[in-house]
Structure formats: C-alpha cells, structure tokens
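This report concerns only the one structure given below.
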C-alpha cells in the first residue's frame, strides 16, 4: 500500500481537469491493484468521463441545470450552496483497477476532477492498494 | 485489513447523519491506508459533504427536487420509489484515505449517511485496508 | 489481492443488469475483504439498487428525465451526450465489503450495471482486496 497527494491548480469557477496521467505516473512498471482517487474538498468532485471535444462543457452545463431552483439556507453564502451539493451528489472519490502498470480504463475513459468553485489549489489523495 | 460494522439509528423520514467521528474512532494511532464506508440498505446513501448550518437541509431539499415527477411502478409502494432511486444515484459507498491515524478529509469535509426512509436502524460496514 | 474481469452482454439501449451473483462467485469460502467493481466504459454505470419488479424501470425513467434539456456540444453525436453524462454523474464503481465469503449487502440490495447505450459487450473489472 502507498499513499500519495497530488496538487491540482484550477483556473476557472467551474472546470473539468483530466487527472488520468498524474495517476498513471504513480504506477510502478508491471504493478497491479486498485487506485483510489479522493478529492479533499467540499466544492469539487471526482468521477470518470468521456472527454471528446465539447463533452466537458456538456457535463458542466448539465450539472449547472441539475438541481431544482430553491432558496438555499447555506449561511456562508447561499449562492455557494449548489457547489457543495453537486460535490456530494457526484461524489468525491473513484477506485480504478490497474494491471501491468496501466489503469484498466475504457478507450475513451478518463479520471476527472470537477471544480465547482475555482480557481483554487486542490489536494487529491491517491491510495494504491 | 480489518472489517467493522457500525449501527446508526436515524430519527426522521429524511435526515443527514455525520458519521465521520465513528470512522475516525476505528483508526489506530499512526495508521495509514484506505477507509471504505458502505451502507447496507437501498433507501440510504453515503457521501461526503459540507455541513455548515443549513447546508444539510439544502442537500435534503435538493434531493427532494432532483428527480422528475413520474408515475412510479415500484410495486411495494410507489411513493417509496424515490427513496430507492436517490440511494442508487447518490451512491452507497465512499473510500477515504487516512494517514497518521487521521482521515485525509478537507477542513469542512464530513462523511455522511443520508437517510431517505427513516426513522430506522442502519448498518454501515467499514473496511480499513 | 486478486483482479478479475467479467464480460457482460447487454440487450437494449438502456437496461439494468444485476451483476451481484457474478461478483459473489469470485469470493472464496470464508474470505473477507473488499470487492471493488468498476465498469470500463463511458456510457455505463455501476451502483447498488433495490430491484423489486418495476423499480429497475423506475430508475431508467428517472435517469431519462434527470438532466436538463440542453443543446449538447458532444461532437461525435449530440444525442449521445446524455449517455456519457449520466455515466459520470451516477459513477462507474462501487466497493462492497465481504465476510464469510458473502457480500455484506442489505436484504434487497443488489450490485447493478446500468447500460446507457446498448446493446453492447461490456467489461467489468473486479478487485478483491
């Protein structure tokens, strides 16, 4: 078992960052096991995605329109509530098997960080088991 | 590897329970690895969240309005269908790295159980790897 | 640690497949640990669910109506965008504890693959830790 931390800098209020290559770089040649990726924040998410041109923007637009329009109670700043709620709904972790030192992703499948309240410096923990 | 089971009693039809402290209590001093939290039910979910005052209610309200209004087929009790569907969409597990005997959560990030059909006694399994 | 790959053939554009029995079949008698199930595709998802009669169709209907109606930019085929987006939102993995050679699922809780763009041959990786 090994545990790692990646520093990811985002550049917009809402943005999708492909972190696949950074995870792959942690894998030793020939290694097999499970890579668990976790974002240590409440206004970001981790999942997998197709990133064909335009599809990253489609995902951000879909998430913008996913929640009902309500009067949020979040005291820190009510306009900020959806950033937290989308993080909880999409989720903050994914676990991906690897073998022969490569992630077992589909051809077009990427591991992504979704930023809901950037630009920010984000910490992503990775456990290889 | 060790496997644990937590008993959580909920007190309302829909409710958010912070289970972070119960997970942390399972970690040995100085230990590092991965904590996987799984709720053994089809009308509850596990995720991470910001729990500033009001934000727990915002999340419950957002989930109440998330699904389209349809005539559900679920035979046991159609009004009960959204409880199952939200469990499947939010998800029933999260995996969080830990190091030095502490979960690597963000400052305001908590591990939560979302109750969709309480009050109930709920079983949550935790695997430390 | 052992790593496995299941081949799942789907038979409709959108469909729910119960994969619980195939995961259980990988567990050795008396074994305990964590089973992580990951679908290696961008138009499918993995989660847990209640599968009472009608509830599988309820889940497919809910997901069909979950996203806002937008003009998608996805270049490969815009009508195909929701298949990708739902995969990212529901998620492509779940981790379930097991003990005494049995998954620690609730009585009615099943591990499901959701097909968003079938019929297809799908690869599902399973890591037992």
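Letters A, B and C mark the chains in the order given here, with residues in each chain numbered from 1 onward.
Criterion: a contact is a pair of C-beta atoms (placed from the backbone, for glycine too) under 8 Å apart; a residue touches a chain by one contact, two chains touch by 3 or more.
Just so we're clear, the structure is a prediction, and the values are computed from it rather than from any experiment.
Chemist: Building nodes from the protein chains and edges from chain pairs that touch, which of line, ring, star, complete or other describes the result?
Modeler: Chain contacts: complete, every pair touches.
Chemist: If you list every residue number at the chain B and chain C contact, are more than half found on both copies (same) or fewer than half (different)?
Modeler: Because under half of the interface numbers appear in both copies, chain C and chain B meet with different residues.
Chemist: Counting in whole Å, what is the centre-to-centre distance of chain B and chain C, each centre being its mean C-alpha position?
Modeler: It comes to 19 Å between the two C-alpha centres.
Chemist: So which bits of chain A are touching at least two other chains?
Modeler: Where chain A meets two or more other chains at a single residue, that happens at 66, 89, 91, 95, 129.
Chemist: Of all residues in chain C, which touch chain B in the complex?
Modeler: It comes out as residues 32-34, 47-50, 52-55, 57-59, 61-66, 89-91, 94-97, 99, 104-106, 108-109, 112, 129.
Chemist: Going by the contact rule set out above, which residues of chain B touch chain C in the complex?
Modeler: 1, 3, 5, 36, 38, 40-43, 66-68, 70, 72-76, 81-82, 84-85, 87-89, 91-93, 95, 123, 125-127, 129
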